[in-house]
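Several structures are given next for inspection.
Each of the next two complexes has chain A plus one other chain: chain B in the first, chain C in the second.
Coming up: the complex of A and B.
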């Protein structure tokens, strides 16, 4: 590990003054060499120092050792781009440029990612005025030649789905390139987190990607508890783990159904639509909300699972397990389905690594990456869950990884229910330690969730950075579409099922 | 083929018996609040101070919760020293006016049927176009679920369609971000008159958790005339279905 970085573990709070400030050249060199050695760039962002200079922060992860390293550099309005030597920085640098008007010089494709005004008034990387920022309007990557045509889709799509814009460069049916342009869902959450925690902080966490309420609020709360030095009971940790895995179960099951639907395999499409609801209803049995809203609270959880409820839970889980097994096996055994799933939307292991994909998409391309195992948090510090990997990187692989994870999550919840640890559901939380920095990671159902925050001298957030798994993975979808038929787009898209609002925040 | 048939037998027929039978919601589900003003301590204001969206008011006239803003987060119930605020499992929460969502614990005015001339057109068949305008994907998901065989929206003559040109109205979710404003307006305009507008979720009704952010427009109430308000964050699918059916006059009051 490089000497000039602060080494820390998942959600360990450290003194802010220990974060090294290095030269921009050294920051660039460290990121490039670490990523070459096999580490990953988990987050890369800028924050204001209150002065003319801005501070860049990089979080690098060593998946094998479970350690994180943090380093920073001060820059003014531009710096030499890292993307040319490290593709993982591509999207991050565009975000830095857009949010703060800092230009990464020689970035190969410097465009806004959300189409929002700069946080620094009058300091825009493209010299746009606030009034002439129109979502997704601008130049797109273009393929030239006879018979090349362009297809534009969105923001409003045909289904009940969030908005985004997709621009395809096609030759007949074949897609040469897909450029994805987002930003329609931007609600300005990160800015509002500054100065917190406030009474809205938890609702923000639960709705930044509303299908990942538990994943994000878990990341936030474990950070909060680390800053307040609060020991959450094992029972509360187990309950949080159950909620997290229920969230995964509901979404993975829904995704298998949606994938089935996209190839016209209606039996599984219909069954999974319903079984997904069974898992959501189990969340509601636990906490009253199908999306786990208001279940996780600072210091623990809002509700307990009493013995009678555990019984009911077990029966429901057992039934859902039977149903989902039949539905998934039917899907993954059908030749007509396999003909569509196999070899469609392939992302090679090398590409996945180069882009820094996370979660299901990474594991389906053969990368062994799972925060629950690599940087254990909460209940997973004492209970390990196997990592589901499949090598092919195609739609089938992404479906199959989901199916394995469904089985693993059910097994995890079942074993929790048999021997629930004892303890209080909620512990009191004192105020947050001042002048600290924390990196908090969880494995949401889509993949790695990374929150980074710094507290000021009063123990309030000076800033709060969120990196949803979709932030890393949208580029993966683009690559999956290369040399595919455009008619396979819905299928490839579903196989990733990324979050728009989680990206746009 | 044989496998498909076996699976079909195993999965059985599972469409809910509603509306013949009332649905059973989980005991921890939070629906219509139960407010007991008589218990409030003088100048307490505890609930008011913890509410993330300023949905509660506690004045001489008593307690009042604006369900259009409420996230059903239970902060108020946990902080109240007297237990003056509780949540019931009453899921029928849709209203026809914004004002009807401001609930004082007494009468709750549920959504009524569309006016005659429009009811004639849409009472038996309603095609809706959904637009997510910075919704968090939970409201969207619980609208989507109505299309699964569990609820089987189609049996009521309601369908979510792919184009505003095929639709009798729009269902909007989300607080309407600045970046989605134009697209929502265009979708609204693309629907032929007369049309219905339905706001699903506290975001679309008031801005929800994002109330007063400068990046959002606090929902659609200032943009279009809204015919149906369905509160919740997100509303339960039964709350949404109940709202649709009331609007069409398919349920008894």
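Coming up: the complex of A and C.
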């Protein structure tokens, strides 16, 4: 089936002319059969061609070979929905309908995902006028019956977190269905990236999802370097890898603490909050920012790590490792905690595959997918990290996968620090090649981050598409809640810990 | 009239919020934190009393009545329970029933005040509260009946009279069973871990806390103070049963009882620091286990 698609590698720039344009039927057929064969739909989106027609792009990934296929089709105002045969497309198609007013016919649940006006003037998939678009207003999936009740949570949350609206269909304590409605955090980043790169582009990347600064900027920069044909030194790649893993360590540790807090298990909750700070301070030691802002730069990194600081770094890491080991083992060995974690919020392997879950959530359901191994990038092309998998798909599995990843990341950073490659930290970057298209993938701490961009004849982005891991995984949370107790929602939610702004962009 | 009868009530009224401070400090110690001041709840209460209250338009007088009735019930309950070997203000045969139902009335008004708001969260919390306390009541009553059977008295002050300490020599198994059952009741009724988490901010998992979300100002102060009193009276029933120290001097006994209450606060703090909360589905099992312990005690007294 690869005859009519462009085959490429992670962050390999290709001439835009080579992207095949097939009929919409063939596009659908290819996506459906590829996904059945075990490939995944990494991104599916529409872009304007400047004419009346719109162009749909699909990026399919073959995890086993590490190859990506890119193909496209032209559509006008509607096309036959792919979701009925390939569930992975369902959220993408809702996005396409919302952004461009293209209706996927026979989509089972066609609703906006961000509640924003269409990018095309006067072309709305639901024929709404601009003034009538209010966040999360509309019909929700409802269960009918005498004793069914509906619980609405949000958009303002009890904890100091981001806004999102949740509708539960409950029978007593049991949840039959949960519908999640987002969009409150939409800032229009993708629109702003058009015509870039500008001075603002990198800060946009770093704040796309505030806890994934390194993940997103890494994806952006490796795309930029591929377009400018710039070879980043191994030393810079190693430093980028360390920053990426530090981000993972801080967030995973924070998540374990938050999971402990949600079941009222105080020791781990208290200690992980502090240890997370230790990891963030290590990022600060690396570059002066606890969240790694302004560290990654086009062509390399902004700061080098001298030998004296490597020593300090190693001591800090060793101490944090001891502490996090105590805290995590205490959590995962306590019977009262296991009683809460095990069999709560189960997402089966089949469901995870059908929905196209990514990252920690996918690996906890037994799917072996990790961009660092499947589509190696940066330092991971020469240094492999084992994939952490657990099969059960429950809250325990998601906690346990995080714990294994914490260990793997610490081991990675330690061996990097022992044998830091030599080289310059930053290379000069020339202007971007015109008329190219690139798919750039990284493994952020939540999971796969996919950036797709095309340059115009001047070497500026004619469009830039971002796919955050949360975009794939919100539906996974919904499924995890089916036939669960409503009181377990906060725990399940925390075990996914998805980003609202990463989804809303 | 002997002013000593007011000692149990006086201790409850003055020191009840302190126990919560001790629990919090214990939890903070286990968490490696300094924690809030011991007297934090007193500060909170004074702060809340100075504030105004906000009432939703959907509520009626029931909503305003709830906290007041709750506080009055808790205050009345303090006049029924002896402290150390000091008899309480009110004492008659069968006052154990009045005690149990004063707490029942308090809960009833908290629940209908919560339902009065019409919020789905509060309705959920109310449903959980009545479900669990219906089961806790069984454990509590079976424990009380066992005590009545052992001592052949039906009044707290008679049951916990000076000879009560001797019971531990003859009926230690029964006492351990009853005491354990009372501990489960104590933790459930006061919304502590492993049944409820008083520190959570997540409405969906709350039991007691979610019912009082809409109360504010003095009303909320009444609720917090009422809960502290409830913890104190149930705690002193537990302490009397488990550590009935009798020195012969009333004042010394009162002092011992007070120290035991502080130890109880530490114990609750340790329980909360070392275990996770139960899954909501498992809570009834814990309460049935409590009832079973009391039942075994009752069966043993029938020998």
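Assume the second predicted complex is superposed on the first by the 504 of 505 C-alpha atoms of A that agree within 3 Å, B and C clash if a C-alpha of one lies under 4 Å from a C-alpha of the other, contacts with A are read in each partner's own complex, and residues count from 1 in each chain.
Criterion: a contact is a pair of C-beta atoms (placed from the backbone, for glycine too) under 8 Å apart; a residue touches a chain by one contact, two chains touch by 3 or more.
If you're wondering where the values come from, they're calculated on a predicted model, not measured in any experiment.
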(request) Using the touch criterion from the header, give the chain among chain B and chain C with more contacted residues in chain A. (result) B
(message) Quick one: is A:488 in contact with chain B, with chain C, with both, or with neither? Answer first, second, both or neither.
(response) second
(message) Contacts for A:152 in the overlay, against chain B (first) and chain C (second): which applies, first, second, both or neither?
(response) second
(request) For A:135, select first, second, both or neither according to whether it touches chain B, chain C, the two together, or no partner. (result) first
(message) Between chain B and chain C, whom does A:375 touch in the aligned arrangement: first, second, both, or neither?
(response) neither
(request) Check whether A:344 is in contact with chain B, with chain C, with both or with neither, and answer first, second, both or neither. (result) second
(request) Using the superposition on chain A described above, determine whether A:57 touches chain B (first), chain C (second), both, or neither. (result) neither
(request) Using the touch definition from the top, say if A:294 reaches chain B (first), chain C (second), both or neither. (result) first
(request) Could you say whether A:263 touches chain B, chain C, both of them, or neither, answering first, second, both or neither? (result) second
(message) Quick check on the superposed pair: does A:501 touch chain B, chain C, both, or neither? Answer first, second, both or neither.
(response) first
(message) With the touch criterion stated at the top, can you tell me which chain A residues are shared between the chain B interface and the chain C interface?
(response) 158-159, 267, 270-271, 274, 334
(request) Spell out the part of chain C that touches chain A in their complex, as residue ranges. (result) 27, 30-33, 120-121, 124, 127-128, 193-194, 197, 199-205, 272-282
(request) Note which residues of chain A are touching chain B in the complex, please. (result) 114-116, 135, 155-156, 158-163, 183-189, 192, 199-200, 202-204, 207-211, 213, 254, 267, 270-271, 273-274, 276-277, 280-281, 284-291, 293-294, 302-303, 322-323, 326-327, 330, 333-334, 499-501, 504
(request) Over in the complex, which chain B residues touch chain A? Could you list them? (result) 3-4, 7-8, 10-11, 14, 25-30, 50-53, 71-75, 78, 130-145, 147-150, 160, 162-163, 174-175, 177-180, 183, 187, 208-210, 213-216, 233-234, 236
(request) Flag every residue of chain A that touches chain C in the complex, lowest number first. (result) 149-153, 158-159, 172-173, 260, 262-267, 269-271, 274, 334, 336-337, 339-340, 344, 485-491
